[in-house]
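Letters A, B, C and D name the chains as they come in the text, with residue numbers starting at 1 for each one.
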Amino acid sequence: MERGASMTTLAVFGAGRIGRVHALNAAALPGVSVRYLVDPIANPGRDDLAARLRAHVAEAEQVFADPSVDGVVIASSTDTHAALMLAASRAGKAIFCEKPVSLDFRTVEEVSAAIAASGVTCMLGFQRRYDPNFSALRDRIASGRAGRLEHVVMHTRDPAPPPIAYVERSGGLFRDQAIHDFDMARYLLGEEIRTVYAVGACLIDPAIGAADDVDTAMVTLTSASGRFVQMVNCRRAPFGYDQRLEALCEREVLYVANRPRSDLVVASAAGFLTSPPENYFIERFADAYRLEMEGFLALLRDGAPPLAGIADGLEAQRLAEAALASTRSGLPVQLGPDWRPDAA
Amino acid sequence: MERGASMTTLAVFGAGRIGRVHALNAAALPGVSVRYLVDPIANPGRDDLAARLRAHVAEAEQVFADPSVDGVVIASSTDTHAALMLAASRAGKAIFCEKPVSLDFRTVEEVSAAIAASGVTCMLGFQRRYDPNFSALRDRIASGRAGRLEHVVMHTRDPAPPPIAYVERSGGLFRDQAIHDFDMARYLLGEEIRTVYAVGACLIDPAIGAADDVDTAMVTLTSASGRFVQMVNCRRAPFGYDQRLEALCEREVLYVANRPRSDLVVASAAGFLTSPPENYFIERFADAYRLEMEGFLALLRDGAPPLAGIADGLEAQRLAEAALASTRSGLPVQLGPDWRPDAA
Amino acid sequence: MERGASMTTLAVFGAGRIGRVHALNAAALPGVSVRYLVDPIANPGRDDLAARLRAHVAEAEQVFADPSVDGVVIASSTDTHAALMLAASRAGKAIFCEKPVSLDFRTVEEVSAAIAASGVTCMLGFQRRYDPNFSALRDRIASGRAGRLEHVVMHTRDPAPPPIAYVERSGGLFRDQAIHDFDMARYLLGEEIRTVYAVGACLIDPAIGAADDVDTAMVTLTSASGRFVQMVNCRRAPFGYDQRLEALCEREVLYVANRPRSDLVVASAAGFLTSPPENYFIERFADAYRLEMEGFLALLRDGAPPLAGIADGLEAQRLAEAALASTRSGLPVQLGPDWRPDAA
Amino acid sequence: MERGASMTTLAVFGAGRIGRVHALNAAALPGVSVRYLVDPIANPGRDDLAARLRAHVAEAEQVFADPSVDGVVIASSTDTHAALMLAASRAGKAIFCEKPVSLDFRTVEEVSAAIAASGVTCMLGFQRRYDPNFSALRDRIASGRAGRLEHVVMHTRDPAPPPIAYVERSGGLFRDQAIHDFDMARYLLGEEIRTVYAVGACLIDPAIGAADDVDTAMVTLTSASGRFVQMVNCRRAPFGYDQRLEALCEREVLYVANRPRSDLVVASAAGFLTSPPENYFIERFADAYRLEMEGFLALLRDGAPPLAGIADGLEAQRLAEAALASTRSGLPVQLGPDWRPDAA
């Protein structure tokens, strides 16, 4: 592309792990400039990132006041998402936001409504939709070769329980981790979920229970047309990050497998030892994050609709809230577009 | 062994697919004679089997009246099991019986009680307990190397929906197919199940729905100590019989995988094509059936307790009944030793 | 089949490991009676086998004098093969003989000529030709789907060096182990080999070197039409028996893989551990031996030509002799139908 | 690092496929500036690359005259390597050069001698030595866990024959492709090769034969201490790039496997279809090229010795020349430090 003519200018909120991934992916795209990096916590990581991006460390106000900013990437801590999204929508900036929008469902609803009313485009960070494996699976179903999708099984297990400080701010296993599976369920089935049943317990790390969260959960979803989804969500897989999907279709079963970290195989009297998978989501979904940021750029430049919008964030979170309610009541939850969790 | 001195004499009821497997496995054991084959349906298959066994085609009465018969193998149609078990217990014959004991839960209870009262030993046909893979998995957990078992995931999918005549007599997906998974859940956890939630639907073959059965089901179990089990049960896997288990433990995840039918791999521009697994349970569990019959012989000769007794049959079926009740009510079922389904 | 009418009567020479396999496989075929078991070494194994077969322990003379004997299975020690084959051919008995015919190549030539002159049918024990994997691979090439076969790579590694007493009588790595690979090369290529280059050394067990044998060898074959075959032959694979083949064709690469012994997979922080393969050829080729004996029966009953005849034994051994000569001279050996090793 | 203080300045020769990889990898390293890009062929690819690097498109003379240039990356066409290396050594620039140094062995010897005499450091582009899989394999052997390395088997097959124009300038299969395997053989064994036997033919693409090259070759190497290496080198693997290694050690067999391109698995009645591997070396060895350039930087900054130096290039090429000579004579070639091919 010709430089200058059509530079796209971005601001990135959050210089932590995922903010860094998005910022570097954005900056590597031709014709993209990350002008601002916003993070209230001054530290060498932030400043080093700003230097690599050739970005200014700035305040939010500065970003929203700068008419040259085309879009914002919100990857700051969850409790800042809603206010930043509202400010961006008021300033007319296109939004990319990490999930979840808020730990409070009513806030998610309000932000969704405000964004819809503002007319700004908004993309939610469900990167699995951009992952080459998941999208190849979805394409294959869409192609008709596999036949009708009948049920889906998903496994998501973190390599180890996160630090308890993270757990306490995470919103819990369903809003933090399982939300990606809820989103994928809707995405693959192409319809809404009507019934959610979930069980959850603290079987691994008592500190998680003390924080009123669960570390192990099993979820069953029934879709509007009566198809089923089963999910295992867990804070531990002894071998590393375990994130798999299995889709039973009429003529084929389609799997997304874990990717071994290495291609070395060691054979001995004990058997054949292959490498554990990529350790965690940053590595596992490196391609997905790259493609996701390309998707945001296509949205900014050509108005190409994102694979996941604000409404998808709302619906995935509704499922997370319903699963949480189910674990507490011990009963399945019947969902409709008006279902919302009881106020806390 | 010295011949004559300690021949063990058996009678086999049922000359169908599974009866044939048990009869031939029994006859291949040193020191075992299958003296009688009982099947009311005269056909070449029965007579050929009898010839191979050097067995007499006989009536049930003749078997129970013959004091030389040490034990009976009941592999006839399900509706005959209960009466044959009662007759065997009255005659003092050790019993090996295929699951389920009866499609009527109260009958199962009555037979269990009668057998317990009679003092005859009784082994139920949960062959997976004898399968080398499942038993290696259980041994590894028992050894302590894997650490505490935290949750279990099981997949059982038939290669294709069975003939509708079979479906109609089968008692339905839960009593017919999933009962093995219910049994395995109890066997691996080493404790009873307290809550059962199941969803089921006819997504594959409308004839199964017309027969008031489901072809797809998903089940969540919660054990007495709060651990979880998730099951997928289905009447179709496009590639053949799909029977897998995954056990998340503290330090290891243990899997029983499907076994490819062949070791030929074909690589082309499309990728690497490995063979589908063994087509169905007769082939997949060939070793398990052999070892199971050895288990029955050890029971007869040395009084070695079987891996699955009549009480296991009762409890597995209680879970099947609860799952069925759950699919009908839409609610989880809380179980206790006195739970039983409503009379039909 | 109707009993009596067309019983096929066999005699088995050799009650050792492989003799036992053949005898039991033969006896399990419908309409086959193993009337005689010949083994000069009286031991419980022989007598137990005879009892299971309902066979007479006999002398060779008795076998050849009995006109009811249709065929002989020669699985005795290698040094007895030639004399038994000649006796059988004189007596007009169809022959199944384990490889090699003799450790002395001129004797192999003489026996081949005598058998050809006698008109008796003779089948050689190259069981891989009957193995379902290798035959599926060959069928796929024959079907034309894979395109022209361009080169072949084979690996054969024993789980551990055999006892030195075995090594001393074995004829060495090429005649004892690699002969199966030489045979498979000719079988798959469908043409003769023109050049053999081999290197061999004692890298594993010095006792093998002391016995004037090698434990590691690498062989390159060039066929008459200029295609290539590469072989690794070794007396050790730390994980168990390693027997694989890879066939590069125009449109596909076809592999015969090892079969894991178990389907249990153990995943931990170290990675995913799958089971070692079947330990050795008796287990690995159990199906092949069964089908091979069916092939001998089809030969006896219907005159169906065996997959490997006496000429195949001669040619495979010619390659073994050439490989040995190559390791000694350090030069490739150019072969023709008249090539034979120098007299020792 | 602090900018300015210790910037490392490079020039890259060659803006083609591999030059581009090296240039971008170098530029992505902290503290590295690619100041010059030298390629006589003006085209948009070159200019676009220069723009991305913020590099000047320059003549060779300019590079060698600029005292700020610390090192040169030579990735231009093979026929330019020797002259550029000599010029760089005269100018005192550290050298990274793609293999081969020259298609003419005497030129390789002369360049090697000149570089040795000049005292400049020189690294050869044997990227597999930097590949995480190959280096993990080598580390495992070095750790002693696997036991003594006894033999090595390597497969290298291109996905399809290259354009004939490439073949004609490539120096042939041995100098172009197999040279990496020759290098790996020396690297893993840690000793020199004494005997080379190779067969080669044109079995795939007659145009390759017309260009006096082979498309299929098989090589056997014997090391100074008597250990063996077997290689398959081929211009076709129907499924994509096939680059594998197998190392038999005393207690373990170590494998470097191909990496599937995708983690989607499609199961159907035909079996389980996994994805083909990465299509070619640029993708397959992306990590290796990155690490290799880090290695060159470490050499420049800290004098850390490269994994492959100019002497390794000479010895690998000696093996390639010997293999070529062997295919022509039909005889094994005995090597020593003075062996060189006959002058053409």
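The rule is short, and it goes like this: a residue touches a chain if its C-beta (ideal position, glycine included) is under 8 Å from a C-beta of that chain, and two chains touch if they have at least 3 such contacts.
Values in this document were obtained by computation on a predicted structure and should not be read as measured data.
When chain centres are set by their Cα atoms, the one at the greatest distance from chain B is D.
Here A-B and A-C were compared by C-beta pairs in contact; the pair with more is A-B.
One simple way to say how far apart two chains are is to compare their mean CA positions; for chain B and chain C this gives 40 Å. With each centre defined as the average position of its C-alpha atoms, the distance from chain A to chain B rounds to 42 Å.
With centres set at the average Cα position, the gap from chain A to chain C is 58 Å.
Within chain A, the positions touching two or more other chains are listed as 237-239, 251-253, 267-269.
Residues 150-151, 153, 155, 157, 195, 197, 199, 201, 203-204, 216, 218, 220, 222, 226-228, 230, 232, 234, 236-239, 242, 248-253, 330-332 of chain A touch chain B in their complex.
Chain A makes touch with chain C in their complex at residues 237-240, 260, 267-276. Of all the residues in chain D, the ones that touch chain A in their complex are 132-133, 136-137, 140, 146, 251-259, 262-269.
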